[in-house]
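Letters A, B, C and D name the chains as they come in the text, with residue numbers starting at 1 for each one.
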Amino acid sequence: MSSSCEDKVLVAGHRACPGCGAILALRHALNALGKNVIVHLATSCMEVSIMGGGVFPRGEYPLTVPSLHTAFETGGAVVSGMDAGLRALGKREGVNLIAIAGDGGTADIGLQTLSGAAERGHDFIYICYDNEAYMNTGNQRSGTTMLFAATTTSPVGKKKRGEQHIPARLRKDMPAIMAAHGIPYVATASIAYPADLTKKVKKAAAMHGPRYIHIHSPCATGWGFPESKTVEMARLAVQTGAWVLYEIENGKLNVTLKVAQRKPVKEYLAQQKRFRHITDAEIAQIQELIDKKWKELGLQ
Amino acid sequence: MSGNRAIAEAVKLAQVNVVSAYPITPQTSIVEYLSEFIANGELDAQFLQAESEFGAMSACIGASSVGARVFTATCSQGLALMHELNYVAAGLRLPIVMAVTNRQLSQPLGMWCDHSDAMGERDSGWLQIYVESCQEALDTVIQAFKIAENRDVLLPIMVCLDGFILSHTSEAVDVPDQKAVRAFLPPYKPDADYNTLLDVKKPLAAGGGCPPGYTMEFDYKKYEAQEKAKELLRKVDGEFGEAFGRQYGLVEAYRCDDADVIMAAMGTIVSTAKDVADKLREEKGWRVGVLKLRSYRPFPKQEVLKATAHAKALAVVSRAISYGVGAPVFSDVAATMSHASKKPILLNVIAGIGGRDVAQKDITVVFEKALKAAETGKVESEVEWLGLNKSLVGG
Amino acid sequence: MSKPYWNKENFPITPNIRNPGGSLAFKCGQWRMVKPIIDEKKCTKCGICITFCPDDAIEKTAKGIIEIKYDYCKGCGICANECPAKAIKIVAEVGESCTTEG
Amino acid sequence: MKEIRFHGRGGQGAVVGSEILADAAMREGKYSQSFPTFGAERRGAPLMAFTRIDDKPIRLRCQVYEPDYVIVLDASISQYQDLTSGLKPDGTVIVNTPLTAEKVKEAKIATKGRICPVDASSIAMKIIGGSILNTVILGAFAAATGEVKLKSLFEAVENRFPKPVAEKNIQAMKEAYETVKSRGDCSV
């Protein structure tokens, strides 16, 4: 092991795209967790970037902790098995089990195993990095794709105008679904607020039981903005209220960043090619949904 | 005790660390017994009832990858649901043992015995062993852990027992002494430098991508491990025989030595067929024998050739269908024979589908047809559907 | 040519990787098409660029200077975009002609 | 080899009965096997269970087509099924019924074989205090056929149930056994 990566969990030389939001999310989350972890990586951009095809032959592995990839939808169940296995062997103490998946791997195909693991009360932290579509396969819509966003499978044409939700809603609300499981800790985070993210991960690491952290991680390629603007886009999502930073600790909601002057969502949408078809009426509809969500969270 | 009870007793004797499963008929009582053993403290293990068979196999992979000895059981739709992960378990070289209470696959829906479920996993890299009695079920599970965990094999194993016909049949079973089993089967000790083992002290990335330049080589390694497993199956079976007085072999050639015709099959059909063969020899003087294929993966090519070399006809009776071909087991036998200089005429027989009983009279028909083929040098039909109601479907 | 990584003796049974942090040997900086350059005079050493670099390609040296590790920098430009002092400029990989000002 | 077929309804204990009989035979040094009709039989649905007993290991794993004995836990099933179908000509049917053998034949509960009626339900109600009569009818089976000793059945029952339950079942089995034995010819 190189001396320069002694205290890091994710080091340089990984194969994520330039300007990748998701790898930045993992860099902060994993480094905050430290080295006493075992990670399960669901099939995803991050799995490919960390242990994909080019990585094996020469062992160019960017983590300094053990990790396993099994399949796309397995994360919750595999960490459940690890939890049971380590318990049975008397080796459970001092190890945090981490399941990492993207939004598709979490909200769509992997929801069942995640729900099962949460319901059974296994001891693990689940990290969902959310780039709002299946980016590994080239930008297909997922359960967390934002209303009206154009993806390759929710394109804009004569009859359809990007991602449709009936009835209209922003996206599938994964943190709320996880909170409904009654688990001890649920949090949202953003790559634009690394201190907040790190704090939440560390808090989760010190707890037991199922813990869920959902990190908003823009994708330059999929969303259509310059790769230098990844962090800026994540910040705009929070500042316009399209993404809210909060935690639910043992059932108690705490909004960790109360945006004082919420910007109109138009500022956020206008910078992304996936929304370039959007009309004022559609922007108004999204704005309304954001306002509603804020009300639900007890904000202005 | 029932076949399912025998399996559960074996899992207890193997002192597994984790059992993860999902209920499905007729497997359910296996995991009920195991849950009971764990609840009573008779077995010191973790029981994890997953949210699906898919989750169960995922959890087995998770548990095995941190070094636990792991067992699961399923069949039919459950086994089909595990399909994706079965390949992953084999590819990660995790020595998981699974009991499969063989049951048909829907549609049509039914809960009765045939082998189509396990046939779907034929090429997954798992070893498959088919048993014919409750005693053999118990003994084979214990053997399976020892074989699976061997460094030269490191592949998961399915122990297949006919759903209901064996899983729910009660008969006398000798349960070996725990200490003797412990001596035969020590705890699983994975090698962190060789096995898939996730340990914070020895960080490892497992299950990642592999470019085309290497994938074939890893698959070759699995193929080689299955070949090596044949030797190990013999060795472990022999050691088991020494320790417990019972031995089974990769195949059992029952009265095949002087047989003109032989019937090859897997599972409980074999047991009934042995009885029928005795009777036909005694009453009619027919020289018939039965070849039990105990190990299906790896396929015991040498043993099959040796047992059938002198026979005039070989009827391969299969409880599963390969559409467009006949039966999967027939393909295996025919492939095995392809380079033999002298070979029997082969009959491709499908029987016992969807729980249809294979009675003594049915087996007699198979021997009759095989004798006729031996005499005439021709088979009556390319694929024989034994007991098919022709008044409904013609044929 | 270096000698082959794998041979008959060491080829494993799985493509498992037993080389934690081994990616440091992979110089992903070769993917870079444009290049960030820090203007030391403008740099306030705040470290924001380090925080937001997805490639972990910026570090503070023992002397307290912020340095880009070009072996790993993929040239995304997030550092330049986030720099509050506008101390990082993006230049073309070849010829160093300025493409954007931070 | 002796083959025994049980007829009952889901919840009446036919499957357990077939297992106890197999266990009892095993205790006499014989080989035995028992299995139910294969399916997810629900409470009340007619079902069958089987026991095979032999002096040598049993290899047959097909269903029973020509039983030596039939044990009927619930005679009302005869409305829908021929309960003595395939019964060997010298076979015996043990029927749970208050009727005489003649009436059993008249009512077409059993159409062939030697008929041995026993009012197992009443004995079960009186002694065990319930309607599960699988053990009771095995007492009658032992008396009528001599295929298994009463003592072996007791051992099998003791092995299967907790002591207080086993004791009541043994007492009820004894009564059924003696009722049949006292007739001289079982088919009264």
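What we mean here is this: contacts are C-beta pairs under 8 Å (C-beta built on N, C-alpha and C of every residue); 3 or more make two chains touch, one makes a residue touch a chain.
Since this is a predicted model, take the numbers as computed values, not measurements.
K.L.:
When the contacting C-beta pairs are counted for A-B and for B-C, which pair yields the higher total?
P.N.:
Contact tally favours A-B.
K.L.:
So which chain is the furthest away from subunit A, centre to centre on CA atoms?
P.N.:
D
K.L.:
Report the inter-chain centroid distance for subunit A and subunit B in whole angstrom, where each centroid is the mean of the CA atoms.
P.N.:
Once rounded, the distance between the two centres reads 42 Å.
K.L.:
Between subunit B and subunit C, tell me the centre distance in angstrom, where each centre is the average of that chain's C-alpha atoms.
P.N.:
53
K.L.:
Where the centres are mean C-alpha positions, what is the separation of subunit B from subunit D, in Å?
P.N.:
35
K.L.:
If you average the CA atoms of subunit C and of subunit D, how many Å lie between those two points?
P.N.:
Each chain reduced to its C-alpha mean, subunit C and subunit D end up 82 Å apart.
K.L.:
Which residues of subunit D are in contact with two or more other chains?
P.N.:
Residue numbers touching two or more other chains: none in subunit D.
K.L.:
Subunit A: which residues touch two or more other chains?
P.N.:
Counting only residues that touch two or more other chains, subunit A contributes 51, 55-57, 61, 63-65.
K.L.:
Quick one: which residues in subunit B touch 2 or more of the other chains?
P.N.:
In subunit B, the residues touching two or more other chains are 92, 196, 202-210, 214.
K.L.:
Could you tell me which shape the graph of touching chains takes: line, ring, star, complete or other?
P.N.:
other
K.L.:
Chain pairs that touch, all of them, please.
P.N.:
Chain-chain contacts present: A-B, A-C, B-C, B-D.
K.L.:
Sort out for me which residues of subunit D touch subunit B in the complex.
P.N.:
18-19, 22-23, 26, 31-36, 38-40, 58-63, 65
K.L.:
Touching subunit A in the complex: which residues of subunit B?
P.N.:
Spelled out, the residues of subunit B in touch with subunit A are 17-18, 20, 44-46, 48, 50-52, 54-56, 58-68, 70, 84-85, 88, 92, 196, 198-200, 202-211, 213-214.
K.L.:
Tell me, which parts of subunit A touch subunit C in their complex?
P.N.:
1-2, 4-5, 8, 10-21, 23-24, 27, 51, 55-65, 191, 194, 220, 226-232
K.L.:
Over in the complex, which subunit C residues touch subunit A? Could you list them?
P.N.:
Of all residues in subunit C, those touching subunit A are 5-6, 15, 17-28, 31-32, 51-57, 69, 71-72, 74-78, 80-82, 90.
K.L.:
If we count contacts the way the header does, which residues on subunit A are in touch with subunit B in the complex?
P.N.:
Checking each residue of subunit A against subunit B gives 35-38, 40, 47-48, 50-57, 61, 63-71, 73-74, 76-89, 91, 95, 112-113, 115-116, 119-120.
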